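Labels A, B and C are assigned to the chains in the order they are written; within every chain, residues are numbered from 1.
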Amino acid sequence: MPDFETFRLVLEGLVAGLGVTVLVALSSLAIGLALGFALSLVREFTRTRAAHFAIDAYVELLRNIPALTHLFILYFGLASLGLRLSSIAAAILGLGLIGAAVTCDIFRAGFRSLPKGQVEAGLAVGLTPRQTIISILAPQAMRIALPGLGNYAVQLVKDTSVVSAIAAPEIMFFARSMVTSSFQTTLIYATAAGLYLLLSLPLMQCVRVLEAHYGKLKG
Amino acid sequence: MTGFLQPYFEYGGEWWPLLAEAMLNTALLSVAGFFLSVVLGLALLLCQMSGSAVLRGFAALYVTTVRGVPLLAILFLLYFGLPGVGITFNAFTAAVLGLSLCFAAQVSELFRAGLKAIPKGQREAALAAGFTPAQCFTFVILPQVVRVILSPMIVTFVSLLKDSSLASLITVNELVLTGRAMATEYFLPLQIYIAVGLCYFMIGWPFSVLSRRLAAPAAR
Amino acid sequence: MDALLSVAGLRKSFGSVEVLKGIDFSVKAGEKIALIGPSGSGKSTCLRCMNFLETPTAGEILLDGERIGMRNGRMMSDRQLAPQRAEMGMVFQLFNLWPHLTVTENVAIAARKVRGLAYKEARELALDMLAKVHMTHRADASPLELSGGQQQRVAIARALAQKPKLMLFDEPTSALDPELVCEVLNVIEELAGEGRTMLLVTHEIAFARDVADRVMFLDGGVIVEEGPASAVINTPREERTRSFLKQIRH
């Protein structure tokens, strides 16, 4: 049985990666939300065929290929072209771009769930299409998207562990490097799992509250 | 552009058999993982619906834990951690087990939502028509649940397929690990990882299209 | 005096189905016109063509002498249409209130965004309009907390806040529970008393007779009969009008 002192050392070692985990999660969340929302607007409210096709292709390619593969392309692949990204930059960019494909679909579903009468009422009072989108449709679509976005955020926190594979110094990276120099394999990985759980639990609670609230609004 | 594509023409013949074999492994891993996920998911569902508070508590705890812990941590625990306490799996078994432990929670949630989506009147109408509870479940409830969850189940399968890539990190010789080996051999990481990505796409995309097709009538 | 609204040769097809087959009528300022007809006869479509929520296939609509929806022989975009639509207040069958805004915000938002009123002025205007529909007491509620009749009154206030030249009503009471119909009809009747110009699609025949100056009976995409309200409803000339009125009174 590992004693408390070992546990403290393990925990200390892992917490060293906490900052990078949070940095990667928050930055890629920001990219994912902003880009995904922009893409959903273009996809739902413009009529350019080429743009629709490009966005559909983007979403399909990012959603049907593993994050790990995308990260390898960004980190190892681009480096072979001389475009060398730091592991953290590649991690943020990769998870952010994947996130945009995910949130684009979530926002689009939000827009589509709005009854047609909402737009019509906006246009009927004399709002321009742009004003209707900004004041009437987007706020509602975002609200409807919240539970889905929450689930995405929970998934994202876990997905940050994958970036250890391109040596971004986050929690799992430290876990893996500690394992090579110690025999406390089980303890180290279990503690890492616990740390992720601690990060996810508040988010999961948020999702639960959002879902309950949204259910109330609908019913 | 031709410079970028050049290696595909030059080495395509050598790469394809390697990638095809790896694709087969990835598919095998995913299908096995998915199958076990459904089995475990249904077991979890029974726990959730059981009269025993202990079982329900266990199920709730299990779902929460698995939702909050990365698959990678679970895989490392199973493959590298458990030998420390005397339990050893080969890499493939550990990967199948890890994937299905994770996805069982999703599967059970899907089934639960599917059951919830069936109006109570359906059961009542069936019982009123003289069905036994078992007949009611088999002929009235289950077919409807299956229709509701088929599309999200396929989405879940595609997620599992993507997550099976993490098995490369516990030395399962699937697409990504094969890609890594090829990348070190040929020094063409960009072309090789893109090829690996497209291999996943070839498996996953048809399922994504299928799930959308199945979801469409319900959405309209 | 010239007509405030004049419609000439209005046609509308959905795909190969022609729903409106050449509609002509005009509305003088202050006049109240009821549009009645069987389900599917094209009443809503006709009304929605007035503010181009439905794009007519052919025809001409003039509001106060200004051609709606067409400029220099070209169809106007939704963006270009916005100022013209602001001149017409529309009340929908299903209210179409915006659930993410409070009652007051629902009424005030167009004044702010379309006419550029300051926040305070827009709010005051909104409260005035809510007073007209007797909804001041729920000014800060969410539309989701209101009964159907209350929602529809707020929707009327929203349209009034546009200071429209013309009010368009599309069966404003047909989605309401029977006991809530009255409160909405009363509000519309009060507005009619203020000398507003109204075009009203309705199934409430008695209400149409009491409130409207003229009634138009639409069937099969054409106006079958038109005339003073009491005449059309009490002594219809056309057989189709008669059988429709008989049916609706069962």
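Here are some notes:
The criterion applied here is as follows: a residue touches a chain if its C-beta (ideal position, glycine included) is under 8 Å from a C-beta of that chain, and two chains touch if they have at least 3 such contacts.
These numbers were taken from a predicted model, which means no experiment stands behind them.
Looking at contacts between chains, the pair that accounts for the most C-beta pairs is A-B.
When you average the Cα atoms of each chain and compare centres, the chain farthest from chain C turns out to be B.
Averaging Cα coordinates per chain places chain B and chain C 54 Å apart. Per-chain CA centroids place chain A at a distance of 46 Å from chain C. The geometric centre of chain A is 19 Å away from that of chain B, both derived from CA atoms. Within the complex formed with chain A, the residues of chain B that make contact are 64-65, 67-74, 76-77, 80-85, 158, 162-166, 168-169, 175-176, 179-180, 183, 187-191, 193-194, 196-198, 200-201, 204-205, 208. Listing the residues of chain C that touch chain A in their complex gives 51, 53, 77-79, 81-83, 85-90, 92, 94, 96-100, 109-110, 113-114, 144, 155, 158-159, 162.
Contacts from chain A toward chain C in the complex involve residues 115, 117-118, 120-131, 135-136, 139-140, 143, 217. Chain A meets chain B in the complex at residues 60-61, 63-70, 72-73, 76-81, 154, 158-162, 164-165, 172, 175-176, 179, 183-186, 188-190, 192-193, 196-197, 199-201, 204.
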